[in-house]
């Protein structure tokens, strides 16, 4: 069959057009519908990428690695658009948002999706950097949507730290170009993944090392790795809940993806220092730090933001460990985490909307007052804590076991970190989901479908990982070396 | 044929034990009385007491349950079975394979379990005192007893009383340190288990010192008769245990075709009466101790028996 | 074939769980769920018995879980035996719950999890690779956690649930590391691959340590037991029965599977550790129980004690096996496994009894019970049987297995190592002490709860529980008696298991004549016949009854209690749980728990009531758990300010880490 | 000819680093802004020179952008902001000037040591530029972390971007896309900052970041 544009371009064009359209459309309801439709089309295009793989164009190149990410990205984007329709509508009802902001919000949402897709699909390091930059700026604006003092401060913090990180990333990108330029010559080839990877072995290792230091810090800031994490909790806590879901579920993945790409270069160059130890150190640091920070959180969204930091740490650790098994585990964990965590944020959206507060202390007894929501939440938290029968258990099992096989001591540290954060998760779950219900008992009108869908996928992956998916992930894992 | 004969012998032994038990109590009481320069009742007084109690009607408290009603028979049954498993005439009761020393201790424990429950049944403070003190004492006495069994098992290579008795009769065994320690331990345990001075005073009705008597305070008539019979049977049991293990003199069985049960019975009676006399002597010669000293007393017994075991482990010659 | 049948039953259980989630609100939901569960558990039980007799090893590989590993299941003698334990308990508690379930205030919080919990336990026993094992293991924990939180309005239950889930995950991670050790760097996680290579001493000891942490924390080895008396009683009684009677056995299974089968630990020093731990656990467990006056918590603590006895047996088996004394090892192993079976019987029975009492009076505190034998005679009778059995009194099953354990202890002179020779008798003394104390504790439990005068209005107005509950209790009580009277039949059934784990079986059981006495070892003539004892006792009682009928005055008269002439009408004057345990508390508690009694007597003329206040300190909690909690809080407090830095300081962090990295590169290049 | 090219590039790049030091030294906002404007002008010059040296005319665009936007427009706007917001003119630095300068020296040494040894392969101008660029970037960061004042931090950030542009132009034949993106991002960044400053003006009495940090989440 002959499409006017191939699916890869579609994942970019659709959001772009939708964004323009949404800027124009004044009606919020219609805007929400357009938003959903566009996200769905993007998702469909991404799914199509699984079947028809377009040839690498001038700017876009689809390979097994970024297909994994693009599918997760668009899927969560789609479900989030469904969730945000109900959520934002309610925000307008209670007058927290005005329709003007709403138009802005929907346009920004599509713009964000588009730029993230671009970051994932592009073949040019510079272009990827631009896309990540746009994604950052968009989210900064969306975090500041509520205009409260807290929101402003959160987005200011996010903006400053984010732009510094972005600047560092750019410097790293330039350094990579400089390392490549003597070998592959001037111009675009020296910024194209394909040629870079092909010739990485002959690059100046010293330059690559410095470049990776900058890139890890730069994109690591976006991934929220300790000690670069500072923006993440507040940005999650003060922005609209759908944006928290997107941040945790998607933007962090994009940053990890960028780091992985560059890690490939270093892995291909024998003389360069192995990036593994660095990533493992930051990963373990993040796990332990987030685990302990969880105990003192009062705000439910900030709480789960720290849990995201912890899981980014696990993922960084897994990829830093390297080897097919660990990489497989890292990929699986990333997929499972973005699904589960976004689901949790949907649930939080429901409960904060019902109870009208984000304070953990003011939300109790959900399983009694709202059984469906409450038990979905319990299941999701159990899943994020790494308990079966959910997919996170599988990935954490693989991470720990492969770590233990090669670096037993690190595995022990990782395990203790996991235990600390599990304790915090269930300590808070105790008061959130159980006990005497407090606050409003009004039923939740918003749809539970996105949560249930995510939970179902995670559950299915935990029980039965289709051989096709596994083989695909394994192939990617081998790519990652 | 042989089996039926053995069974008959076993039955005879059991009945004999039941018949002798009050006599032993009588002998102890008489000895004590004499040593306290009283004339004291005849050694057959316990039989009269039992007969009198059996004639009387039994008075039950209003809230006495079926457990309280049936406990005495059960207690007597358990004690009786335990007692009849101690070899008295000859060394091989046919049912010996049924139970070894551990099982005998277990049977006594069952009896005590039921007795303590019966003490709690009416819901009086005295029953409670008796029961709680009884189990406290038993909780130290039983380990001591088991350690003794362990020591004997180490020496004789079996926990079976018949095997042990047979072994100690064999010329192979002479005086052993471990045996001596074991004997002392066994005596201490026996004193405690039978509620004798210095642990308990079978004759007292001074509330604060009662243990066994406090438990059976609410019993009367035939129930009390069964309890009394059971306790004297228990006393006999321990005495004949000591006799079987530590006084291994018996008639030469190979003397004639038919085993000389008459002689053995006489020897056995001699041992028992002698031990009963010694017990009386022991009881009048010391004073009763506070109930919370009892654990220390029994703890000493436990230590002695454990020491016996360890010595035995160190070297065969002990 | 058999494995497939069991797997089908497990699948059915999951189906019931899903169906129950929807039916829970309906009136017939309870009947449906528990009825189906009873049927499925019975079917699985029969299949497992068949497997235990057939003795064939079956394996099954399902294409779920990890794609390259699959989900492997294996049914061998060991698995079959524990399947019997699991499904027997499951069937009993399902029957019990059919009646008892009426008392459930929130069926929605029980019905969906109950079947999944049982299915998870079955899967743990069947799993044949590390992933499936841990998956099922953690599933079991999660489901039971949900059941612990049934009464989630009660803060104590929430705390119990929290401690439980954390301890459970701790155990899971420890087991994960243990499997990691066994699998080796590039090893596979299939058990069949682990069996292949025997680990060296160092690996073996680490594995044993991790297994003790993982399985031991689940089974309730002191000092990892603290969650157990909190969590088990919090659940509904039929679930408490499962958790205490069955789930701890699954933990024992995990330990046996890892240490005996997979790791093949063969070093006497390691076994000495297990023996010592078992002894300490048994003793401390029963002492904890004696200090307790909450009926269900008392029972939970007794689980700790019995787990200790079981581990002593296992440790002895390991020690004998390490020294190549296979006959002795067989004796010890059989004793341990037989006790596993017995304890699952009477512990479930006792929890059912406590559940019946709870349902009838709404009370768990023994200080507010009493006299129930008059209002709940059947329950009282069954509870009494269970109490006698757990107190190791002949001729019941508890005594049979403890007798075997003692026989195993008595074989310790065979050890070539002095350490074991001295350790065994010492632990034997501990076991004896524990047994005697257990008897004392159950005199208290039964006496205070069922005897005496009622201590509260609820106890006065209690009614006998329903038929099905009674039926479940009756069945278990009957099994307790049967297993005590003909232990040979059961130990004979255990022969293949002991063959599997210690390469030998206990002698002296020919299946033709199971009524013959137990002869544990051919070396000495020791033997025990519950049957003969039972016959003798029956005969003796008959004779006594006959004699009474002939000679005694059969008349009885009811009258007020005499009580030395001055009976006090108030039930408060009878002995309570606290006062009954006071002598033992003074003797042992002062050492074990630093127990202190503060007596307050008002001055003369003051009419205020005198008060006694007993303070008991749990050494395990004080030494282990409180410090961990404090440590976590301390670190969290120290780290928390990092949430409140100024943006400039955060920038400083970024800047410094950048400079650090560059400096490192500059120095290394 | 070649060494003349080299010397000039060297001179200009060094000038950037020098200006960074000057900015580091300033403790008054207006003079800080002046220093920044001067640095941007120098940057424009060096970029232009690079365009000549490399024969890459498209670089002139970057030079023009730098010259107009950074050297003229932004400083003006900043001055206007200061006046309109009535920000007190002196900015309190975290540490004294002396330690800051020493730290700056160390940073320059670090970047030199790192880069000059690293980029053996690439041509001379490139390694000079990249070395200077790195030190400018680091110094920019240092300015950001040593200034308590939002405007100060923004300026530090922009001088950091100057360093980036220097590096980008130094990299031989680096495609257009980068410069555009840099300029674009600076533009957006500045717009957003502007928005922020005004919002902050609405909400707070000062653009002192410390005032912004009063809330910092959960500290109620």
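By letter and in written order, the chains are A, B, C and D; residue numbering begins at 1 in each of them.
Convention: a residue touches a chain if its C-beta (ideal position, glycine included) is under 8 Å from a C-beta of that chain, and two chains touch if they have at least 3 such contacts.
Every value quoted in this text rests on a predicted model; they were computed, and no experiment measured them.
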Any chance you could check whether A-D or C-D wins on number of contacting C-beta pairs? A-D
Greatest centre-to-centre gap (Cα means) from chain A is with chain B
Taking each chain's centre as the mean of its CA atoms, chain A sits from chain B at a distance in Å of 79
Distance between the centres, which are taken as Cα means, of chain D and chain A, whole angstrom: 31
I'd like to verify one number: the distance from the centre of chain C to the centre of chain D, where each centre is the average of its C-alpha atoms, in whole angstrom. 69
Centre to centre, by mean C-alpha position, how many angstrom separate chain B and chain D? 101
Multi-partner residues of chain B (at least 2 other chains): none
Do you know which chain D residues sit against two or more other chains? 114, 117-118, 141, 144, 153, 209, 212-213, 216-218
Listed in rising order, chain A residues that touch 2 or more other chains are 156, 160, 164, 206, 209-210, 233
Listing every touching pair of chains gives A-C, A-D, B-C, C-D
Report the residues of chain A in contact with chain D in the complex, numbered from low to high. 124, 126-127, 129-130, 133, 137, 140-141, 144, 147, 149-150, 152-156, 159-160, 163-164, 166-167, 170-171, 173-175, 177-179, 181-182, 185-188, 190-191, 204, 206-207, 209-210, 233-234, 237-238, 297-299, 302
Show which residues of chain B lie in contact with chain C when the two form their complex. 54-67, 69, 73-74, 76-78, 80-81, 84, 95, 97-100, 102-103, 106-107, 109-110, 112-113, 116-117, 120-129, 131-133, 135-136, 138-143, 145-147, 150, 153-154, 157-160, 163, 205, 207, 217-218, 221-222, 225-226, 291-292, 295, 302, 306, 309-310, 313
Applying the document's contact rule, which stretches of chain C touch chain A when the two form their complex? 63-68, 108-109, 130-131, 134-136, 138-139, 141-142, 146, 149, 152-153, 155, 158-159, 161-162, 165-166, 169-170, 173, 176-177, 179-181, 183-187, 189, 632-633, 635-637, 639-640, 642-643, 645, 647, 650-651, 653-654, 657-658, 661-662, 665, 668-669
Using the touch rule from the top, collect the residues of chain C that touch chain B in their complex. 370-371, 373-374, 377, 384, 388, 391-394, 399, 403, 406-407, 409-410, 413, 421-422, 425-426, 428-429, 432-433, 435-437, 439-440, 442-444, 446-448, 451-453, 517, 523-529, 532-533, 536-537, 540-541, 544-545, 548, 551-564, 567-568, 571, 573-575, 579-584, 586-587
Complex contact set, residues of chain D against chain A: 114-115, 117-122, 126, 130, 133-134, 137, 141, 144, 153, 157, 160-161, 163-164, 167-168, 171-175, 177-178, 181-182, 184-185, 188-189, 192-193, 196, 199-200, 203, 209, 212-213, 215-218
